[in-house]
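Same chain, two partners: chain A is paired with chain B first, then with chain C.
Moving on, here comes the complex of A and B:
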């Protein structure tokens, strides 16, 4: 009998643990669930995104009249009586199943008004399906697989341009290079850059990126001689690099997350790769960790991005926000942090316009907002979501830039803008200096 | 008839165990009526899935003593069969799940025949290898979505749909899984009493003696392996419909194989309740440690440290797992 009581006691304890879990948040706050990869191979990008999002939240909840942004004018959301935005961060570890679980938890237990995230396209895909089922709005700030906005979802909006845009940028850049448009470089005959080789990580994002490279190479008349997929978690990429070098590529193209991007460049160096161009599809190629770990080894490498501190030369708001971010993080805003920032900023505009937390109002607001480009830290013309056509929910005013790592006068490695050519902040280093 | 009688016969268990299992069963049945959080619900679903996986593993791994570390391949076959059948040909779950089981069992015969020529560590390593090879094949196989996997769109298949097993609320999946769980316990109980079960325990104790007694050792192992496979494959199918997004890295990873074996071993391999106890301890521990210590206290990653530590302690103190601890405690207590 005693044992039975003991067992029942345990059962009661177990139950108590379960019931304690329900979250409760103050009524005067609007909660947004934010799902990012805070651990695992892309953790450093996840932390960047988180800090960018937090900075935007601080600006939205405070009053900073010196910033030329709607978000900074009043404390909180004016149309809802100054309610503050609260972000609840969750870590999906790059795992779609976990991401979907967390989304359910945020929606049902934490009763969030909306979701922001999730960086990995594979996770965003799973999470957006959950949001669609529950009719909860989701804004995606940082996933670039084109598939995401082609699913016919009604509760999904994406601020960032997708890889279709970015890949086109790459080929426009290559074309411009042979037309002599690149700053400081004589026209490069197309034959000199004919042979391409690509390696992309093999989940949703990389697979889609790889397909796009193939399509665009064909369209622009380049020869993609090798196009392989690899596991981002690999501890060794030497056979992949050897396979790429075997075709003697003129340009090497990558879509990698953080840890594998670092390993890739280390392996390229070890195998003394000497292509004329190395280009990264952002992500791992554009994180502070990539820069700090590899130092001068990345000079000459190109990456597509949506932010460079050099943007400040053409955009004051970028410099202002960058200064605030530097105070918080200790280093410059990056691609990831600027997109996290822009994600929360978009949420602010949507909520301000909706004037309520009802999903239908938010849906209507999201479909009709227009954020002018001058309020954004990123170089886009603005944010306005498509409401019809092939890609409903996609921001139609986004654009990308291509940056190149170069050494400045102080000896630091910085990301200079080299495309669009009219925004160039430095002469292009061509060909890649090699190791 | 005898099989059914065996399945329902729990008389050889002590009374206290029977009462306790009734209490647990009752709790599981009424759980959705309690004011649970969705997180608790998701944890309970994970528990049921892993308990059934563990029970399947327990037949060959526990009763048979053949450490199998490749169960993820059958999770994968089950999950992929239902999902591919749904997406490509719109075949409902209730048809594709048995189909998945059949394919899994067929595959298990094919690889089981050579695998069981190996013993001990060699067997364990070979099971890992077959599972990883299958995963790699799925990662490049375009028909099943390659490394990107497959996704069941809520727009294309709106819930609720009992035939295709697509629901919005978790509670439906919970009761379905609970049904599978009870069924699994009964099948397990049948297995325990069956001739095959006795043969297998004999093989575990001493393979040479079993051979001398006229038992076809190789065949008994293959048959049990197929049974274990059927369990895992069925759960894999449900799992796929529940998460609606499968990819080789997620459904067929080595982690899943190890976790399945670990839960059964931690709870107590070779006992009826062992895998259930293992899953009941490890699944909530994993998710709650992660949630509380990881997310709330900012100690990201500490859950894994604590998790590993507990497993080390239990392995050192009582290799027979938690059930072994309980039996030892009971033994001491009941002796006057």
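Moving on, here comes the complex of A and C:
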């Protein structure tokens, strides 16, 4: 009998402690569940996203008047009495099923106010469906398959421009190249870049990107001679590369995650590929790991991106945040980290405007916020979500840039901006120097 | 252009096939000697790949110098597997042997997952890594693949000569043909079985050491190669050593079928052929071949064991 009482007593104690902790959560912190690929093939991008998001959280929770950002003015969220934002990070490993499970866990067990993530479009698709089902708001900072905002969801908002915009940028760039708009390059006759070959990884993101390339090539009058899909987890891509080279392409276009992007470039080098242009649809082509592993082998390669440290030359806030990030990570802010940063920043604005954690209030706030471009590290005109039309929840003020890896005077490989042409920070290297 | 593409595909297929035949060698020897199908074969390969990777990473030596280490580890692993595990399985019914090696596969794979994590890892530095040579005028071949293929042929030849020319090799063959009769002749079949596992294990880990020069490794890498090795062994004839070599070459060329398709489409100039996503079904042709072999000639091309 005594033992039973003892056991019951312990149980009660545990329960009390547990409830107290939960209660404490609810009082002065607002929890956001963040689902990123922290291990697996895209782990390096995931870690970048995480560090970017953490930096934004630190700024939002602290007071840094020297930064010209609403989020830096006061500590915490003013409209909720200075409550702090707390991010709970989860790792989806690039697996949509795992992502959906984690979302459920975050919603049901951790009682998060909202979700942020998830990089892989396939995972974002699964997670956004879960959020829609539970009526929990989700902001997507880093997935670019156009499909995601075309599902008519009411609880999904996307800050980043999608691949439709980025693919159009590519073809505008090619068009501009033939019109002589590119800095430091004479007009390149269109026939010289007529034949294209593309390889995209075959999950949601890559296959949508592949379809867009097909559509836009037709629209702009280019000949996409080969458009193949491959598995991002491939250990060997030599037959894929040979298949691309078989059509003798002028430009080679890729949509790859990290490990496959590195393997792709290595294989291109081993096969002595010499197209006039190589372009990557961001992701793997724009990670620190890609740069550090391949070194000078990437000089001349183009990638679409939303951030380059070179942006600082035209934007002060980008330099300021980049300095803070450098202190934290040891290297420059990148595409992924700047998007993670912007994701949390958007959450801050939404919560500040909502003034409560009720889903309906958050929904109303998300549909009406407008973050001016001056406060963003990325080169967008701002953040404002579409509330009607074909793509509800899509940021309508986003835009992309195309960067090219070039060697600077100190011998480092940096990403110079080459498109939009008016933002160019260096002369375009054309044609691709080859190996 | 069409002929260049065709040449590239065939050369690439043959080189890959040479490495594949060493992958399949161990499987066919073990089956030949003791009628056991080793499902964990691909996992042995994975261990060979990690050995190559880790030895070169920690000692800074070229991954090719890791081959002897891989051979020793593979041989030891084969021996231990036989002595501690398979020998006991032999007492049970056929099903026990199947499930036993299957369990071994799961165990090794998850052990690797625990030790090395699920991330892809590949070799970045080495004498051959990142270089390529041009042969036959226009055919670009990565040095890693050429080197691996040459060493694979040497390893294969060595094993073949050992089995054909030495006394121990003959004893091994005798055990394979008729264990009872072999025992009457004073051959310790138990030791011969163990030897088969040692050769099998060492062969496949050496193949792993060769493969890791151009193929990223993760704990799941074994599955694909187990499947490829099964196809090779079925095609070459279960238990046939020369069969494994030629079947390896054939399977290597089958994996390059998309390249051959490209060559044909360039040659004919038919537009629809460009649009067929052959590359997405790279390994499908291998499995289709396996299916057809089983249907038409279950004994394989060089089959000698019933």
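Here, the second predicted complex is superposed on the first by the 410 of 435 C-alpha atoms of A that agree within 3 Å, B and C clash if a C-alpha of one lies under 4 Å from a C-alpha of the other, contacts with A are read in each partner's own complex, and residues count from 1 in each chain.
One rule holds for everything that comes next: contacts are C-beta pairs under 8 Å (C-beta built on N, C-alpha and C of every residue); 3 or more make two chains touch, one makes a residue touch a chain.
Computed from a predicted structure; not experimentally measured.
Touch criterion not met for A:219: it reaches neither chain B nor chain C. Once the two complexes are overlaid on the shared chain, A:270 sits against chain C while remaining clear of chain B. Note on chain A: of its two partners chain C and chain B, the one contacting more of its residues is B.
Judged by the touch definition given at the top, the superposed model places A:229 against both chain B and chain C. By the document's definition of touching, of the two partners only chain B reaches A:122; chain C does not. Looking at the shared chain after the overlay, A:97 reaches chain B, while chain C stays out of its contact range.
Of the two partner chains placed by the overlay, neither chain B nor chain C lies in contact with A:358. After overlaying the two complexes on the shared chain, residue contacts for A:39 are found with chain B and with chain C alike. When the shared chain is aligned, chain B and chain C each come close enough to touch A:202.
Applying the stated touch rule to the two superposed structures, the overlap between the chain B and chain C interfaces on chain A comprises residues 39, 202, 229. Residue ranges of chain A in contact with chain C, taken from their complex: 39-41, 43, 93, 202, 225-226, 228-230, 233, 235-236, 238-240, 242-243, 246-248, 259, 263, 266-267, 269-272, 293. On chain A, the positions that touch chain B within their shared complex are 3-4, 7-8, 11, 14-15, 17-19, 21-22, 38-39, 89-91, 95-97, 100-101, 104-105, 107-109, 122, 125-126, 129, 132-134, 151-153, 202-204, 207-208, 229, 231.
Residues of chain C that touch chain A in their complex: 1, 5, 8-9, 12, 117-120, 122, 124, 130-132, 134, 140, 142, 144-145, 214-218, 221, 255-256, 258-259, 262-263, 266, 274, 277-280, 282. Chain contact summary for the complex, chain B toward chain A: residues 16, 19-20, 23-24, 27, 34-40, 42-43, 139, 146-149, 151-155, 159, 168, 170, 243-245, 247, 249-250, 284, 288, 291, 294-295, 300-301.
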